[in-house]
């Protein structure tokens, strides 16, 4: 199969969860929670994308789809030009697993409490059958030094509960890097860490992904973090991307009313900056039975009749900047 | 639930039919001739093929027909019907005792967390869980009945007494005099579960933010303990009680035997030792039925008592 | 000053917790020793009807010759008690072993695979929960014949249910944890995840249920023997209690006959509880930090 | 006279390994109607401080010394009964886990009425009227009173908990990470509401948070806590614009700023000391790029360097120079742990 320019090509990805019908409630045909409802984007090698949005917007499920941790209800997903959804052969799945890695939100939970750090890092090598005994030890030492856990030997025999959150997140990063992946998903990688430690982990991830030319997807509720880490930012709302563009452009000049609201709500660590008003209501509709038209209609300050009838198309307004809003098209 | 019952009934059927041990031994005079034995076999349908017996069994079971007891020469339903109330009285009284005392002591031990009394309480409770029920019964009998003569040594009524009706029995002091020791023994055994469960639930609930917040709202410690901690902690205990009814039915076997209490458990023991299998089968199915229903009731109770359950299921 | 007091209290409290497990293990070691050394410890053959000359030693109260007296058939109670440790331990450990292995496997598989496999296995567990335990053992032993192995089998057929249910719910929690997802992301196979990642994390729990099962098994064997369905060849504590009960020991106030075997059963069961309580802390040191 | 005056408060925990000196002698005061933000990372003792002030503590916590004056009297010396009178009537709390701070098995209404009837001496009718008023005040529909807590969304629950805190017209409200678990838009709305309510009702507030952006916009005063001590205290602007303590300078570097896309984040290497056996000198010594020998031996006291701006650091002159140095990555790389 021909290789593509893109590492990631996600097209109209959908993930619906059926809602269990209650005993005494008649179950309609539409009882699905549409966690991800038509998400599309492409990423080239070395590019980074941040998925932002409020809780329940589908960003974490999108991350799982990207790692084939959950099956898609609809849409297609190509990884390096290969259709991932149809992979069935064990070897092919294993080869995908080697190339796509995950950084977890909770580093305290991401490592087996009964394994030493060395053993945790050895696991991927055993599973993918990489290196000889001696080579493995060298690989582990090298990858630990790469994530600034030096001298590596002092950490080999430690257990996760003997280490700090920042150190653990570095081990998690090392475990992802040791199999030499092409793509990394980082789900809220620092939200469980202390503020003073966050910067260190973020800078390390930034440096390594740039140096290794890795394609990355960051999932976070924190727009300032995404702006700091990512080339592109996608704003998700109720399972859809409402705006996607180069991070700085999108944050400096947002187009979608939801993006605007989100940005104005972010607190700024500066007492001089006046606190802007956010002019949307706070009732997020349930993602179970949505009305026709734009998904944001109920909260939108500039809603029109058109928005209640027709769903806006996710279309390009500037180079690499796409928005799903009727107001943006004119 | 019906499926579960069906599977249990089927297992039971095959256990009973495939067991070695000729059921006729208990019933047939050894001097009977071969011919006479055959007549009896026919009378109980034992000469038919197994699958046929199985369908007859299921059909009868569906109609509440459990056959005739070999030993009592009466229908199993009648035999069981006579003793069942006694088992229920015994069970209810001891459950009431055990759960009232258990829940209260559980709250108390949780309150006294970390104090010496807590350790003592837990060790004592473990003793009640570890001591064989029949042994506790034997000690109580030996002391209160034989040594001091305070209570009768067995049965449900004084020798020769015949009650005209259940009501008359329930109104007679002599009946309670007989009921006390077995009920106490069963209660001692049942006590441990609600006590330990209540205590550990209390300790869990007391870690919850809303309990702390209730104290921060300036409510008194007693109020916080009872309305906030205990109310939430007792949910699993209430469901455990439903399950406990089922267990108490089964567990009665030993205690009823020690106190010669004319109940279902003692009947089962008698039926098994005399190979009276229609009776053993009937008693067993009844006990199992109560257990299955009570397991179901426990689930139901839980969703009624806890307003969160319906929501959490949906998540 | 208060601080020092509290420190001392904290440390001794910590030891007190571990003491439970240590006590449990010591009790089992004690019984094990007795079971092995029974022929040397017991002054008489437990089946022997002792007589002096032509005089049978019926119903002798405890004295220098018979530490715990004799039964109404003139058998030495102390010797019976010593030999009783053998069936108790055999029944307890073999039943517990089966319960641990079967319950853990069922729980692991149901919890890990979820879906149809889980539904099927849990339905079977529900059925097992619908069968009353003591009556089931009595019926099975009553018809299969009174042998110690039938008792063990009857118990094993049902007792796995608690372990399976608890292990399953624990597996359901563990499998949602990050490191399991991490294993999946690194391409580990299902079997590897089950046995290398999940199993060690639920092992403490299956030990706990195993040690509780030792207690239940000993208790049930005693009950079954008491009801007269025990192995007549084997003198167990339950058999002794049955013997005492049917021989009117209660009305005669022969406490020396029926108190000791009950205490032995109780101790053995307690030891199971204690180990259950303690092993959790030994095998899972992180619990202590909280 | 200040409404709340905390003097050298210490709150320790008894643990298996020894005594954890979680809060070790902190002092601050708060006037009627003003607000202070206690800022710090997890484990710095900010939540423990609050627990100590209202004396609702886990059983292994104790207060070896300190004074807490509320309205002129030392409430640490008052009996538990008096304390109970004070809680909620005068001091109320919006807890960290607002989500879990309502009892799930009772309706919200039940819990509102309970507090107002028992603590506010209102009859049922009056209490219900008051509950409806409070719901309106925080922008919730009064029908929601009949619901169970789990039927509320995160934002609604937070509003309900704030309403409950205001039930008895307290003079001081303590909020512990009031918006941490919420989405930004709701977070923004709640912070604004808190601010308005405070002005409207003349409430004093202690806000606890790890996020300096949150205090920057809500509090008059800021106290930065590190390892059980207050290291810097002053007006919001003073502390955030011209920090005096190296820890505050470092903390500022850790936060990305949406308005400054080019700002580089700088981490503070290392981690806070073990509070079971803390080092004798400055608790920030190990992680401080400007540490001196003196810092290791002697503990710096909190001293006023500018009007109303205090710092617990031996750097007392030429702070501008250090402040500029602290903005460079190289400065922080020198710290070797």
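In order of appearance the chains are A, B, C and D, and numbering begins at 1 in each one.
One rule holds for everything that comes next: contacts are C-beta pairs under 8 Å (C-beta built on N, C-alpha and C of every residue); 3 or more make two chains touch, one makes a residue touch a chain.
Note that this is a predicted model, so its numbers are computed, not measured.
With steps allowed only between chains in touch, the distance from chain A over to chain C comes to 1. Taking B-C and B-D together, the chain pair joined by more C-beta contacts is B-C. Separation between the centroids of chain B and chain C, computed from CA atoms only, is 22 Å.
Computed centre separation for the pair chain C/chain D is 52 angstrom, with centres defined by C-alpha atoms. We define each chain's centre as the mean of its Cα atoms; on that basis chain A and chain B are separated by 55 Å.
Multi-chain contact residues of chain C, defined as those touching 2 or more other chains: 289.
Partner chain B is touched in their complex by these residues of chain C: 13, 16, 123, 126-127, 129-136, 138-140, 142-145, 215, 219, 222-223, 226-229, 238, 241, 244-245, 249-251, 253, 255, 258-259, 261-262, 265-267, 269-270, 273-274. In the complex of the two chains, the chain B residues touching chain C come out as 3-5, 7-8, 11, 15-16, 19-21, 114, 119, 126-127, 129-136, 138-139, 141-142, 145-147, 153, 246-247, 249-251, 253-254, 257-258, 265, 268-269, 272-273, 275, 280, 283-284, 287-288, 291-292, 295. Those residues of chain C whose C-beta lies close enough to touch chain A in the complex are 177-179, 181-188, 192, 197, 200-201, 286, 289. Looking at the complex, you find that chain D touches chain A at residues 41-42, 153-155, 183-189, 191-192, 210-214, 216-217, 236-237, 240-241, 250-259, 261, 265-269, 271.
Contacts from chain A toward chain D in the complex involve residues 54-55, 164, 166, 194-203, 221-225, 227-228, 247-248, 251-252, 261-273, 275, 278, 280, 282, 284.
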